[in-house]
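Shared chain: chain A. Partners: chain B in the first complex, chain C in the second.
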Partner chain A sequence: MKGIGKNIWRYRYGYLFILPTMILLCIFNYYPAFSGLYHSLFDWAVGGESKFIGLRNFIEIISDKNFHASVINVAKLTIWNLLVPTLIVPIFVAELIYNLHSQRAKYIYRVLVITPMVIPGIVNLLIWQFIYDADYGLLNAILKSIGLGHLSRSWLGDPNTALYAIMAMGFPWIGGTTVLIYLAGLMNIPASVFDAALIDGVVGLKRFFSIDLPLITSQIKLNIILSLIGTIQGYGTMLVLTGGGPGTSTLVPGLYMYQAAFNYGRMGFASAVGVLLFLVILILTIINMRYISSPAEYEAQ
Partner chain B sequence: MNNLRFLTKTGDLYRHILLIILIGLMLFPYGITFIISGKSIPQFYDAPFKITLPFYWSNYKEAWEEIKFYLRNSIIVSGFSVIGVVVMSVLSAYAFARYKFPGREVLYYLVISLLMIPGVLTLIPSFMLVKYLGLLNTRWALFLPYISGGQVFAIFILRSFFASIPTDYFDAARIDGASELQILRHVTLPLSWSIIGVVAVMNVLGTWNDLIWPLVTLQDTRLYTLTVGLYNFRNSYYTVWGPLMAGYIIGSIPLIILFIFTSKLFVEGLASGAIKM
Partner chain C sequence: MKKLFIVLIILGLFISSLNFALAKEVSIWAQFYTPTKTMQVTPANPYPHQALKVLAERYNKLTGVTVKIVEKPGTQDDRQWILTQMAGGTIPDICWAHVWWVNEDIPKGWWINLDPFLAQPNPYVEGNKRWLDLFLEGPTQAKISPDGHLYVIPIDLVSTLFFYNKDIFDKLGITSPKTFAQFLDIQAKILNAGYVPLASGSFATFGWSWQQLGDMVMWKMEEDIRKLSNLPPTGRIPQEAIAKAVVKGVYNCYDEQYKEWMRLLKDWSKYWTKDWAASGVDFSMKFRRGEVAIFEDGTWRWGMLKKDPLVKFKWAAFFMPTLTKDTSKFAATPPRPAKAIGGATAAQWGVTYMAEKRGVLNEAVDFIRYVTTPKNTSFLVNEVGFFIPNIKGAQMNPDLRPIFNQLKNGGEETIFTYGDKLTEEYGQERNRIFQKYILGQIDLETAVKENQQALEKAAKFMIEKYQWKF
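So, the complex of A and B:
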C-alpha cells in the first residue's frame, strides 16, 4: 500500500493535471452515455421517475410505421450524401486545386472553399429556406424567368419534393472540410510517385484512378465515416425547416427521437432510439475501418 | 512542381474557370442575402433580386436591436467555454504526453473512446442530468457540457503535439531547476500557440453553431444564443425579408472576423481531421 501511495505522490502532477478533466467527463460524458443505455430499458418520464419495461421500447420503435418512414428517408439521404457531397464533388474540387501550379492560388482556393463554414449553420439553413419559399423564393423566381414557372411550388412544403429539396441544399455541394481533408491526402503523396508515373506515361484520368485515388484511401475512409455519422444522427435541418413533414416525408430517426423526448416527454423511449442510432453508427464505423480495403494505402505521418 | 509539367498552363486556365464557377455558385446565395438585406419593403416587392439603391441601412439597425443580446450571449458562452476547454485540455494533454504515471494509457484511451460516442446517444440523458442538477435555463447548462465535451478532441490533438516536442527541452529546463508549472508555461506553451489556436478555433466553431442543445435547455429569451435567437427572429420577422437578411448577416459577422484573422488556423484545423486516422 505504501508503494502505491508513494507512486501516486511521485506522479502527483500527472494526476493533478488530469483531475479536472476526469471529473467533468465522468459527470457530463460518461454518466449520460451509460444513463442512455440503461434508461433505454425503462419507461422514463420527464420528471425523472422510471419503470423497468425490458425491451418494450425497442419493440415499439421497430414496429412503428413512422420510424420505418424515417429510416427510409435517412437511407436515401445517406446514399446521396456519400455519393455527391462526400465523394464526387469534393474529390473533383480537391484535384482541381491540387493540380494548380501556383502555390498562392492553391492557398486562396483552400480558404475560399471553407468560407461557408464561417456562416453560422442556422443562417445557411434559413437562407435555403428563403430560396425554397413558395411565394418569394429565389428558386421559383429563376424557374419563372426561364419559362418553367409551372414547376414552381413550395419546395419544402410539398411531400413529393421536400426530401429532395433538403438533399439539394448546399448546391454545388463542395463541402469545405471534406475538400481540405482530400487535399491533405494528395499533398502527402511523395513527388517521386508522380515522377515515376510521368515516366511511365501514366497521366490524366489514368493517373487519377491508378495513383491519386488509391493513395488517398485513408482520407476517403475518414470522410465516409464523418459523413455517415453526421447524416445518420443529424436532424437539425429538418427540425428547423420542416419539422419532419409534410407528413413523414422528411422525418429522420434523430428527429423522431427529439420529438419523442421533447414533444411527448417519453425519455426512455427516446433513449432507446438514441441507443439504436449509436449501434448503427458503431457497426458502420467498424465495417468502414475494417472491410473497405485499401490496397495501396500510403500511411501519412 | 516540375514533375507536374505535363499539366500545361492551359490546363491551369480550365481549372481556374471551373473553380471560379463552382465557388461562385456556392457563394451566390450569400450575395443574394446581402442584396436583399439592403431593401426596403417596396424595393423588395419591386425587384427582389436586383441591386436597388439607395441601400436601406435601417434594416440593419432594426435587426441589430433584435439580435444584439443573442450575439452577446453567444460571445459569453463560446468565450467562456473555449477558455475552459483550452486550460483543461492543455493540462491533461500535457500530463498524458509527458508523465508516465501508472494508469496513463488506460485513462487516455478512456478519454479518447468518447470520440466514438455520438451526440444522439447522450442528448436525452444529458438533458435529464442538467434538469436534475437544476441547471436548466441557466448558462451553466451550456458551459459545463460544452467544456466537458469539447476537451476530448482538444486533448487528442494536443497530446500528440506535446509528445512530439523533443524531451531535451524539458530536461534542460528541469536541470535549470524549473518547476513543473514553469516548464509548462515557459517551455511547452510558447512552442504550442498555433496548435492551441487551431483547437480553440475549432471549439468556438462548434459551440457557436450549436442549435439543438441551447434550444432544449434554455427557455428564457434573454439567455438565447445566436442560433436559437436567429431561429426565433425568423419566426417573428417571417416575410419581412430586409431586416431578416440583415439579421443573418449581422449574425455571421463575428465568425467572419475571427476567420479573417485566423484563416490559417481554420485551414489547418479543418484538415486536422486527417490526422485522426
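So, the complex of A and C:
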C-alpha cells in the first residue's frame, strides 16, 4: 500500500491531469449506471416517493408477454445484424477493397464507403419510410412494375413483415466503420505472410479462410461486441417508424424500457429493464471474448 | 462636485438593483401558443403567431410583471420534457400539460390546486364574481382531476372531424354521410373507384373515431356505469367511476357490446389505408396530395388546409356519423349521435410548484386571469383559427361553430372508453391488443381476454394510487 501511495505521489501530475476526466466519467457514466441498478429495486416515479419493492420489477418484467415478444424480436434482429451487416457483407467488401491493386482506387472506395455516414440517421429513416409506404412507396411500385404487384403490402404496417422490413433497412448493409475496421485489420497483416502463402499456393478462398479471417479475429470480436450492444440497446428506428407495432411485432426491450420510463413514468421498472439488458450484454460479451479466438491472432503489443 | 457625482452614481446603482430585485418575472411554456420567431409565412413557419407575446407585453405595461415565454427544444417529447424539468426544478411557472399527465403527477405535488383562485373574481373582467364562471361548464368540468380539484385552466377547445376530398365525392356522386351505415357505403364506393377511402391522424395511437364508435355501441354499458356511481346521464365520467365499474364487472370486455365494438372496427378496417398500423406514417400528406379521400384529424386541420399550397382540390368536413340499427343491433333507439372527441386540450395551462417556490404564484395566476378575459382569449385563440375559445362571450372562428355545439357539453371526458382514461400504459396496451386483433394476429376471444386483464391491472393501479374505497 505504501508503495502504491508513493507511486501515486511520484506521478501526481499525471494523475492530476486525468482527474477531471475521471470525475466527469464518474458523474455522467458510472453514477447513472449505479443509480439504475439501485432504483431497479424500487417503485420509483420521477419526483415521487421511492418505495423499496425488492425484485418485484424483475418478476413483472419476466412475466410480461410484451417483454417476451420484445426479447424474441431483438433476438431475431441480433442474429441478423451479427451475420449480415456485421460479418458477411462488411468482410466481403473489405476484402474487395483490400485486394484492389490500385492504391488510388482503394482510397476512392474507402471514401465512398464512409461517405454515407455524414447523412443524418433520421434522413435515412425517412427515406426508408418512403420506400416502404403501402400505397405509394417505391418498393411496391417496383413490384407492380415487374408484375409482382400481388406481393405489394404495407411493409411496416403488416405484423408479418414489419420486423423483416426493419432488418432490410440499410441495404446493402455496408457499414462504413465496420468495413474500415476490417480493412485496417487486413492491412495490418504483414506482407511476408501473404508472400509465404502465395509460394505455398494458398490463394483465393483458401487464403481467405486460412489466413485473412483468422488474422482479423480481433476486429471481428470488436465489431461483434459493438453490434451486440447497438442492437440490444437500440430502439431509435422502431420509435420513429413503428412505435413497436403493429401490436408487438417490432417491440424491442430498449423501446419497452423507453416507454416505461417516459410514457408511463415508471422509472424503477425501466431501470430494471436496463439492468437486464446490461446483464445480457455482459454475458454475451464474455462469451464472445472467451470463445471467439484464433491461434494466429495477434496480441496487442 | 466630484464627490456628489460619485454619490449620485452609487445611489443610481442602488435604486436600479433594488428595482431589479423587486421586479417579478413569471415564466410560461405554452405549447402551440409559443410565439413563432417571425410573422413571415415560410414552409418552416406556415402558421406564424405572436399573440401571446403581445399579451405578455401588454401585461407587463399594466402590472410591471415580466412574462418570460420559454421555448421547449423542438425535438423533445412534451411529456418527457415536463417530467425532466419538474424533477430538475427548472419547469416554468405556467406550463401546458394534458390533464391526464397532471393526474399522474398529483401525488408528487408538482401542480398547484387552482380551486381557491377560481373561486375568486377575475379583476380584469368587470363585474365578475367568480373566475370559474367565465369558462364553459362542460369542457371545464371535464378537466377535474380524480381528487376533485382543477389543476389546469382550460382556455380553448379542440375536436376532430372527417375532412373529405370534395372533388372525389362529386366525381363518384356521393355526399357526406349522416349514419355509420352510409359512411361504410360511401367508403366501399370510394374503394371500388380505386381510391384509398380513409386515413386518420390518430390511427397509431388508437383512432379517435374508434372511441366514438365504441361509445355509440356501448351506450347501455355507459348507463350502467353512471348508475353504479350515481352520475348524471350526461357529462364527465370520472376515473374513479371507471375503476369502480371495472372492479364491479360493469365495465367488462367480455360483454357482447364490447365484442361488437371490436368486430365493427375490424370490419371497418378494410377501408383504411393499408399502413394504418405503422405509427410513423404522415397520413395528412396522403390526403393533402389527393391520394386519400377522407382524413380524420383535429379542428386545427381546417386552418391548415385553408393555407396549404399542396391542396389542389375542394374539400369540406363532416362529424362522426351516427350508429344506427342498420349497422349494429346494439345501436340505441332512437339513434344516439357520437360524442365529440377532444375538449379543452390545446391551451390547458397548469401552475407548477416552482411558481410557489420562486414566490410568483399569485403573479402566475394573475397572468392567466389576464389572458382569460373574453377579449384577450379571442385575440389569442383566433389569431391562427385552429381552436375555439373556452371562455363565455369570446368570439370564435365561424368555421368551427358546428363542432362547438357538440363540444360545449364536454368532449372525450364524457366517453368512458377513452383509451388513457385510466392510465396511459393501459391506453397503449389496449392499442396493441386492438391492432393484433384487427390485423388477424389474435382472435376475438384472446383479444377480449388480454384486454380485460390489462383493464383490471390499470383499475387496480389507480385504486391503490388514490386509495379509492368502493
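The criterion applied here is as follows: the second predicted complex is superposed on the first by the 274 of 301 C-alpha atoms of A that agree within 3 Å, B and C clash if a C-alpha of one lies under 4 Å from a C-alpha of the other, contacts with A are read in each partner's own complex, and residues count from 1 in each chain.
Heads up, the rule we're going with is that a residue touches a chain if its C-beta (ideal position, glycine included) is under 8 Å from a C-beta of that chain, and two chains touch if they have at least 3 such contacts.
The structure presented is a predicted model; accordingly, all values stated were derived computationally and were not measured.
Steric overlap between chain B and chain C is present once the structures are superposed on chain A. In the superposition on chain A, contact is made by A:66 with chain C only, not with chain B.
In the superposed model, A:194 makes contact with chain B only, not with chain C. Look at A:153: by the touch rule set out above, it reaches chain C but stays clear of chain B. In the overlay built on the shared chain, the residue A:48 is in contact with chain B and with chain C.
In the superposition on chain A, contact is made by A:97 with chain B only, not with chain C. Looking at the shared chain after the overlay, A:78 reaches neither chain B nor chain C.
In the superposition on chain A, contact of A:111 is made with chain B only, not with chain C. Once the two complexes are laid over each other on the shared chain, residue contacts for A:247 go to chain C alone; chain B is not touched.
When the two structures are aligned on the shared chain, A:136 is found in touch with chain B and with chain C.
Considering which of chain B and chain C touches more of chain A, the answer is B.
Shared contact residues of chain A with chain B and chain C: 46, 48, 129, 136, 240, 262.
Taken in their complex, chain A has these residues touching chain C: 45-49, 65-66, 125, 129, 132-136, 153-159, 162, 240-249, 259, 262-266. The touching residues of chain A, when paired with chain B in their complex, are 7, 11, 13-18, 20-22, 24-25, 27-33, 35-37, 39, 44, 46, 48, 93, 96-97, 99-102, 105, 107, 109-123, 126-131, 136, 138, 141, 171-172, 174, 176-177, 180-181, 183-185, 191, 194-195, 198, 203, 218-219, 221-222, 226, 229, 233, 236, 239-240, 254, 257-258, 261-262, 267, 270-271, 273-275, 277-278, 281-282, 285, 300-301. By the touch criterion stated above, chain C contacts chain A in their complex at residues 77, 79-80, 83-84, 86-87, 104-105, 107-108, 110, 196, 204, 273-281, 286, 291-292, 423-425, 428-429, 431-433, 435-436, 439, 441, 450. Those residues of chain B whose C-beta lies close enough to touch chain A in the complex are 1, 3-7, 9, 11-12, 15-16, 18-19, 22-23, 25-27, 29-30, 32-33, 44, 48-49, 88-89, 91-92, 94-96, 98-102, 104, 107, 111, 114, 116-129, 131-132, 144-145, 147-149, 151-152, 155, 180, 205, 208-209, 211-212, 216, 226-227, 230-231, 234, 239, 241, 244-245, 248, 251-252, 255-256, 258-259, 263, 266-267, 270-271, 273-277.
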